[in-house]
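Right, I'll just put the structure down here and ask away after.
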């Protein structure tokens, strides 16, 4: 075990993957000698050479198009998009190509070797274009997997699993935790399962569900709630697509209440999908409406970021409202 | 009144808009002399000249980028994307630019004059790439309006309203109805309201909600259901974003049951958002889980399209299940 | 940043240029009458390979004619012809190694024919039956073959171009001396993906051949409304990429240019852009009618440059081909196509389970659930789903 | 389709070219010592305008220095300097009509300075206070001014390039003789949007000037890893667009080239690409440290080409400027910037209601509901939201 922050854990995962298999390549804007604007790919070019870790021209649609071809060829492509806000020029290559490559060819070809990493989320005074949480845009796309880690330990294990997964994976990294979140991380290789949520805390009165940086917010809200005697069960969804309905439903069968929280705007956010599914699965068990605590239905602001964000106080209030319903 | 099919109604709306205001421009791939691959822009170049109705090079991101600039300049830009499946290369220009133009500039600039038309949907043996229903991808984007008409009368009135609306509007046209759907359409200009759902049939046992081509499917299902004595209230959502929560909620307060149907895949589809909102608004009134009848969580198939689609029989079965819950 | 190797020229009077003076010549070898231009040298082309090429061209023409007819008869939902562009496609493919990867747009069935895709394989795809490799998921003509190194066609235009750059980068690292050829139309070259692909290929020195079929139209849009420049070739200058423009109806020139391009790509890691100048003699697709946007006269000019007749004249001049051979070949192909079509049409559709397979490598629990529900539904209404009612019976 | 006007040249031996022979010369007028190159002719530049330009350059430099310092002191979250590129930006803007539209990337504050954006206006944006036109929604340096025809900056790179083509198309139809200039970096020129923009502008003959600031780097990525070609200029050939390469540190050359480009654009509807060769002397942004990817020596080469010193030498040679003037100006600007900054920092943030306005032209019922809920929440926890607690009190 070693103490690492999330960036170090990610760098470590990439290092292990590249050491183990020479077909693993890491590339993107500024990921070469510079190690990426957040330094997630530090030292990889130095260690594995320019052919395996390199800068690309500044063109996201090209990066992912290139990565799709590389993965189809049998390489293991780990492409970085500098900010999740800049993934949209590659939307066609991801949604029409990566996601449908295997299906449309009847499994003659596939891009299972593809992993796309991108820092996402707010809380860093980034305004509209350095704060977005675009997971829901991709979660409507069969064929993709979408993964979000909450801390360094999860980041390493989930990233290694994503790189090895035989399907294209979008790996969104909560950038406000890059340096803020630290913890013990095993030095050797390990993989955490994709498609499985994790119950990080058991409780009986209400189920709280989130992913990524929002897990920290839940934890703070739980502190407030438990002071008032509300027992919370807390789940980290971890994989947004395909998501683990069973674990969530089992919890709601038990608690009778569900709150889902994410930073992205309310309308069309992934909490909607979860609420729709769970109200159907657990209809007779629900003691109050499923609550969503999310960003506002606006672009991401700057000066009033604090007001915009679904912070622990908003979550706490929603917990109370749900329990008192 | 004149009998028109949906293409004629759309063409008529464009013609009226161009005649009335010389700043209205129509452009896209093959929309010039040819009138578009579906002929929605027939004769517009002949009537209004090459400067106002023209072919663009084959580049969707350029078409919408160009349209954004044109709208910012004060023109009224009506851009066609040849198939909704090909809108994704323009995703960045739509989601990061059109949607956020006004907000990010504090209303110094806006692209309210922009309307994007695109044929969407299945049922024409189009397979993966001529069948998609991408409305949910855009419905997660504050700043956009998303509109879908169900018949020629609606198409003309909603398209004229979209063109005049001071916000960017995505107008998805159900292409399988282009020629199949005909009806009486007023010859003069008229506009139907955006953001308002329409109760197209009143009933007491269950609310059925859809939009576009799926409205026809609902109608067929209702026939079966009413034969069994189930009274259905049928709502056409018409505007997907921002959507009319009140009309839907009011109906569900009355019927106690809701079924939503769309062609797009289940997970992350817009039915999820509606179900999540309505379970919260109408929690104590719901007599059965909100049902979603949608496409499968796969890319759009071809040979087994019939099996894939949420047809009237699947809707009917879901009605029955809801009522018998 | 100013390049360090070459001192930039400097001027003190402003001079604008649009590059028009750098007009790109068209490489031609073979005249329409089957003789070579003065000073032209035919490539080394053995009789066997020449006939393999020619047969592929004729087969492609026959297939196109028959399938369009089948579409007109309502037997097939959709078709796209290669007519007029057979030399551009087959001449280039023939100059490659069969292990090189082909990433095509959709009008390159000739490349598959040359590589040995069987009539059965064509038909299974077009009829989307249970033997279609693509499991009946894509529209007709979206072929693919892993065995023949032919990437399954994808409808969104130009997406395969940066993919080809990536694929070829992988080939370069693998070091087995293979390259990728990527085909696309002059219309598709307007997409952003084209720009990304060429730039990345040049920067990373990738063994890829970009083959632009400039056939004058993108559906109804003439090339003059697609770009102001003299074709697509001058774009290569913008990426410092080797480029050659070729008479796309000249089988010998296409073969020779591609052969040399392949050498540049594989031996020197220099990507190459080839612009094949030709014409789409048929409609864009079976859904299109070109009479609204171009003249019969214009079409006739190009009919007179038919690439198949041109090659035939050359073969006959070399005494490698006779009118009898021709008649025989045409008849055989027509018969083969018709008979195979009939068989393929009768094959059952892909299995119901194929609705949810290949979305992920493994069927997810949620998809298994959706399939189960579907089967139960079909069992309830077997008459409504005649294709799959029988199979649904097998269900839980 | 082969162009009908010019018979294409034909060759019978395959010839590949990468266009390297068509290297593009750099237009220069002014030497670093303030004298003109032999044969160079200074543009018509009245003393008034020359000083307006010079003052804008100096102001920009002062602003950049002060604001970077403010960022280092923690007063500001983020900053981006234009240092080294003042002539490229201001020289080109100065050659336009003030009614022409400017669509910039982010490093073109000099254009705003030249047009008369006040120190207050700069500060209000950077501190995102209640007087920021952008209502505190974007990061510092995302300026915009409808009055000065300067489109609000958007962070996603290159999106403004096709928008400029569209904007200029609208200007052409309006027929008032205006054009659009669009600025972007050599890095952003790799985006697909760049390709679309140039192609569409050339096809539709749009009055737009594409101004590429080639400053050698995109963050850490040197131009040599961005493209293999000799800069961005040769791409214009691919679209048949007029192009000129200019010494970006030469204020006179930038002014003259842009003046002529504007004439081509407005009078002949010929879009023009200008590549301004310069260097990003500062870090990419306040978050960047270039020492990891480039050498001090390289930086020094360019520091010696400082565009402001060069213009100053020219002004002094013309006796339009003295060392005293300089001292005075610098002092005034420093004081103005510091004092204005202090005031701007103290202004309150934008109102709570601005969280939901401007998403649509009118606030939707759903957004009104979300705002009401938010206000109620803030009233419950006023201490947690100190910026807006007071305003929330006013709520329902």
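Each chain gets a letter, A, B, C and D, in the order it is written, and its residues are counted from 1.
Rule of thumb we're sticking to: a residue touches a chain if its C-beta (ideal position, glycine included) is under 8 Å from a C-beta of that chain, and two chains touch if they have at least 3 such contacts.
Not measured: the values here are computed from a predicted model.
Novice: If you average the Cα atoms per chain, which one ends up farthest from subunit D?
Specialist: Farthest chain from subunit D, going by C-alpha centroids: C.
Novice: Applying the contact rule given earlier, which two chains have the most C-beta pairs between them?
Specialist: Top of the contact-pair ranking: C-D.
Novice: From the C-alpha centre of subunit C to that of subunit D, how far is it in Å?
Specialist: 42
Novice: Approximately how many whole Å separate the CA-defined centres of subunit A and subunit B?
Specialist: So the centroids are 30 Å from each other.
Novice: How far is the middle of subunit B from the middle of subunit D, if each middle is the mean of its Cα atoms, in Å?
Specialist: Chain centroid spacing, subunit B to subunit D, equals 39 Å.
Novice: Could you state the distance in Å from the CA-based centre of subunit B to that of subunit C?
Specialist: Averaging C-alpha atoms per chain gives centres 35 Å apart.
Novice: Give the residues of subunit B that touch two or more other chains, as numbers and ranges in rising order.
Specialist: Subunit B, residues with two or more chain partners: 54, 57, 59, 61-62, 85, 88-89, 92, 96, 100, 103-104, 128-129, 142-143, 242, 267, 296-299.
Novice: What residues in subunit D touch two or more of the other chains?
Specialist: Each of 135, 137-138, 142, 154, 156, 190-193, 195-196, 199, 203, 225-227, 354, 359, 364, 366 in subunit D touches at least two other chains.
Novice: Per the contact definition, I'd like the list of subunit B residues that touch subunit C in the complex.
Specialist: 29-30, 32-34, 37, 54-55, 57-62, 85-86, 88-89, 125-130, 266-267, 296-299, 301-304, 306-308, 311, 313-314, 317
Novice: Within the complex, which stretch of subunit A touches subunit B?
Specialist: So the residues of subunit A touching subunit B come out as 61, 85, 88-89, 91-92, 95-96, 99-100, 103-104, 128-129, 136-137, 139-143, 241-243, 264-265, 267-277, 279-280, 283, 286, 288-292, 297-299, 325.
Novice: Across the complex, what residues on subunit C touch subunit D?
Specialist: So the residues of subunit C in touch with subunit D come to 1-3, 6, 8-20, 22-29, 37-41, 190-196, 199, 202-203, 214, 216-217, 222-232, 234-246, 253, 256-257, 260-261, 264, 272, 277, 279.
Novice: Taking the complex as given, what residues does subunit C use to touch subunit A?
Specialist: 101, 103, 132-135, 137-138, 142, 144-146, 151-152, 154, 156, 159-171, 173-174, 180, 192-193, 195-197, 199-200, 203-204, 354, 357-361, 364-366
Novice: Quick one: which bits of subunit C touch subunit B in the complex? Just the residue numbers, please.
Specialist: 77-78, 128-129, 135-139, 142, 154-157, 187-188, 190-193, 218-221, 225-227, 287-288, 292-293, 349-350, 352, 354-356, 359, 364, 366-367, 370-371, 374, 377-378, 380-381, 384-385, 387-388
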